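What follows is chain A paired twice: with chain B in the first complex and chain C in the second.
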Partner chain A sequence: MNRHLLTAVLLSGLVVLLVVATEALGVRVFDRIATNLCVSLVLVIGLQIFMGNSGILSFAHIGFMGVGAYVSALLTIPAQMKGMALPDLYPILQGIQVSPYLAIALAGVAAAVVAAVMSYPLMRLSDAAAVITSFALLVVLHTVMTNWSNVTNGPRTLFGVPKATDLLLAAGVAVAAIVGAVAFKESRTGLLLRASRDDEVAAAALGAHIPHLRWRAFIVAAFFAGVGGALWGHFVTSFSPNAFYLHQTFVILGMLVIGGANTVTGAVVGAFLVTGAFESLRSVEARLNDLKLFNDQVVGLTEIVLALAMIAVLILRPGGLFPSREIGAVLARAFANKKKGAA
Partner chain B sequence: MSKPILRATDVVVEFTGLRALDGVSLALAPGEIVGLIGPNGSGKTTLINAITGQVRLAGGSITLGDRTISGLKPRDIALLGLARSFQIVRLFNEMTVVENVQAAALAHGAGTRAARATALRLLHELGLDARADELGASLSYGDKRRVEIARALAADPAFLLLDEPAAGMNDAETEALLHTLAALPAQRGLGLLIIDHDMGLMMRLCHRLQVLAFGKTIAAGSADEVRRHPAVIEAYLGSEAAHA
Partner chain C sequence: MTFALQFLIDVLSLGGAYALMALGLVIVYGILRLVNFAYGELIMVTGYALFLAGGTGLPWLVMAAMAILVAVATGILTEYVAFRPVRAKSVTAVLITSFAFSTLLQNAALLFISPRPRNVPLPPIFSQTVEIAGVVTPMRNLLTIAAAAILLAVFAFLMRRTVLGVAMRAAASNFTMARMLGVPANLVITSAFAISGLLAGVVGILWIGRIGTVVPGIGMEPLLVAFIATVIGGMRSLSGAVLGGFLLAFIDTTLNYTLAQDLLKFRDAFTFGLVILILLWRPQGLLKGPATGQRT
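Up next, the complex of A and B:
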């Protein structure tokens, strides 16, 4: 089998396994965790599409998650509820109500369009300048979300988003993201973008139009961020702009860096590992608090452990757990070597 | 219509406080192999950088046929059919060897399948079949240089500019490289400009040699003419005396 196909099948298989195991156990908590994991997968894989192929750290990603969440909310909150949820909403938008599935797709498109318009001038930048401007982009998006009360309810929580995301939907989108990311990576744009990641001068000397390649990846990444945000919105049903800011950025970046930003395998493995660790730590935290060993509540254990894990990975294995080869390639090579050894 | 000639005319390149090229001219026709030699720091690499748009000209011009290409971006110059290798190898380290070569074909408009086929064929021609699936970073120095040449060829260039392609290769590798390079102009009709310090290689490979010293051309002509030129002897002995 073609090794890229093998990678896509194996990674999708992991998601299928997650769904089957969760359904078999039938525990509600697990269902919530697994659904959140699938949403994280969509977000991390989206970030991998830009960061992994271009080699540029982007802080803006979660901002586009917010764009997606709000767009989908606006398109789906029932007309009679809009008066309460968004008292200052523009009259034209009050009557709009589409199916959540359509809204989730449109949320991705909206995030992609916003990304396309905002980011083109930034794609010439590399290194520190690119990272800082992506951070500025996140701040701009956050500021708009907290202040454009007409459509976001400002810094306050927006209620009344219809519940539409279940494990199956989230898992389906996660699989689509996996396939999309593997296909993008192997496409003409993806391959040339990776070349520019490894050596900008050499890639330009071959004739690669680097800003353009980056821009395409940024748009595709924002699409998945928007879809991920919408999925999440229709899962939790109420949120405020703070959900799309530094904490979430840190978690998603942590997943990608630990797994290995250069590979889709890394993105998937990172999301699984960090989610697993988070949930275990959260239950440890709850136990500790139940035991009342300390005078105060134990909080923030998860974030600190994630930070330490990120530091450890960056020191010991700077490229993450899967730094350059996808799982399909790793297995195909191991298999080929074994055959050579036997012959 | 005959293919255009690549021409540098009175090229001046300045770095802060230093004239790296001081009015150098050079012409390269399709099908011809020109060697650029000269002591360390004489401006050879800078001339390639000037031609391919990596450094800005402070004077003079570069033309391809009747089109001026100086001032264009490296990427636009590349798309006009100029390919190069680098003195300090620049491979795509986290990509496989075949992807390294594929990238060049893709940049020049080939589809992914065609680009892969081209890449595999070139790797075979350069004796790199067994390395196709290795990561760029993991190769030996000589292999890296060969991958750079394969990559440049995958762009199907009209002109190929190689900066010390034999550096770091052993005698057998250099000999094999000589045969590969010597065949290129006839095979592909391309013009080849080579920088190298290996005089034996350069004398046998190049149709013409041009000698730079301190950013100026001090001699040009056939291998024999250049070897006997007093200014060349002076430049090389002088530089060796300075090194000693």
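Up next, the complex of A and C:
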């Protein structure tokens, strides 16, 4: 079997396994965790599409997640709810109500369009300047989300988003994201982009139009961020702009870095590992708070552990757990070596 | 005339603080080509050190000096934890470690101190106002201008006239060559982080003097300011950082006076939009630094 196909199948298999195991156990808490994990997968894989192929760290990703969540919410909150949830909404938008599934797709498109318009000039930049401007983009998006009260309810919580995301939908989208990311990586754009990541000057000399290539990857990444945000919005049903800021960025980035930013396998493995660790630490935190050992609530322990894990991984294994080869390639190579040994 | 003076004082005091913040970021960036995301947390640490020192009953200047020392120590610690182990690896790796270290410090403050704001001790001079030629202005604005002027002068002297400064500038323009000529690399880098911590400490006290309290997320705004100022002024140039700081203060103050109330809340979006425009026009920033050399 083709090794790229093998990668896509194996990684999707992992998601299917998660769904089957969760359904078989039938515990509600696990259902929630598994759905969250699938949404994170969509986001991490989206980020991998840009970061892994272009080698540029992007902070703006979670901003596009927010764009997706708000667009989908606007399109789906029932008309009678809108009067309460968004009192200052523009009259044109008041009557609109589409099916959540259509809205999730449209949210992805909206995020991609916003990304396409805003980011083209930024793609010329590399290294630190690129990172700082993507950070600036995140702040711009956050400022707009916090202050455009007419459509986002300002810094307050937006409620009344219909519940539409279940485990199956989230898992389905995650599988689509995996297949999309592997396909993008092996496409002409993906290959050229990775060439520019490894040597910008050489790739440009060979005729790669680097800003344009990065732009394409950025748009695809924003699409998945928008879809992920919409899925998340229809899962939690109420959220505020602060959900789409540095904390979420840190978590998603942590998943990608620990797994390995250069491979889709790394993104998937990182999402599984970090979600698992996060949920266990959260329950430890909750347990500690229940025991009332300390005067104040125990907060921030989870983040401290994740931060330490990120630093440790970057020092000991800078490329993450899967630094350069996808799982399919690793297995194909092992299999080929075995054959050679036997012959 | 009164308005012009008011405007000038506003720009100079805000610009002085911004310039110091930007300088602290650029001194590290210039040598290591690395953005320190944990820079804002140096200001947070200064605030908490001042808060913790508040119980000791020492004279305020001693407490402030201690807080600045803590910032310097944290700056050096940042270098040892987040930079030195990954220095030779990719730019992205170092960005992420410093981002992780920043989250680590913030959450440590959350966990060990409190998520709620804490009052810091401040001398009465921070809340007094003076009248100059008909303009009523808070004393702390003049303090900021004075502190910025003194520190910028000392800094300029250090960079131009002392051996350490020359070594640092040499390292910034060509690290490998400087090393071969006998500049001790680790010492230069550690000094850069110490100076960065010193600047952050002083700015931290002036910044917190405006607000009066410290919260775990306090470093965010100074960090953003330093980012924008350095990008506008030129990531590789020390004078560019200072210029960027004052220019940003000028832009911010102008927007404050001219934008309508309901647009003012979008000010950050406008400022950052402007950064993007400036980068389009001059990707290197307004002032170019020395030619780029290799790191490590």
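Throughout what follows, the second predicted complex is superposed on the first by the 343 of 343 C-alpha atoms of A that agree within 3 Å, B and C clash if a C-alpha of one lies under 4 Å from a C-alpha of the other, contacts with A are read in each partner's own complex, and residues count from 1 in each chain.
One rule holds for everything that comes next: contacts are C-beta pairs under 8 Å (C-beta built on N, C-alpha and C of every residue); 3 or more make two chains touch, one makes a residue touch a chain.
What you are looking at is a predicted structure, and each value in this text was computed from that prediction instead of being measured.
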item: Partner chain(s) touched by A:Leu125 [first = chain B, second = chain C, both, neither]; value: second
item: Partner chain(s) touched by A:Ile77 [first = chain B, second = chain C, both, neither]; value: neither
item: Which superposed partner A:Thr133 touches (first chain B, second chain C, both, neither); value: second
item: Chain B versus chain C as contact partner of A:Met145, first or second or both or neither; value: neither
item: Chain B versus chain C as contact partner of A:Ala110, first or second or both or neither; value: neither
item: Partner contacting more residues of chain A (chain B vs chain C); value: C
item: Residues of chain A that touch chain B when the two form their complex; value: 186-188, 191-192, 194-195, 197-199, 201-210, 262, 319, 323-325, 333
item: Contact footprint of chain A on chain C as seen in their complex; value: 29, 33-35, 81-82, 85-86, 89-93, 95-97, 99-101, 103-104, 106-108, 110-111, 114-115, 220, 224, 227-228, 230-231, 235, 265-266, 268-269, 272-273, 275-276, 279-280, 283
item: In the complex with chain C, residue positions of chain A that touch it; value: 51, 55-57, 121-122, 124-125, 127-129, 131-133, 135-137, 139-140, 143-144, 147, 246, 250, 253-254, 257, 261, 296, 298-301, 303-304, 306-308, 310-311, 314-315, 318
item: Footprint of chain A on chain B - complex, ascending; value: 52, 54, 73-76, 78-79, 83-84, 86, 90-95, 99-100, 102-104, 106-108, 111-112, 115, 133, 135-136, 151, 155
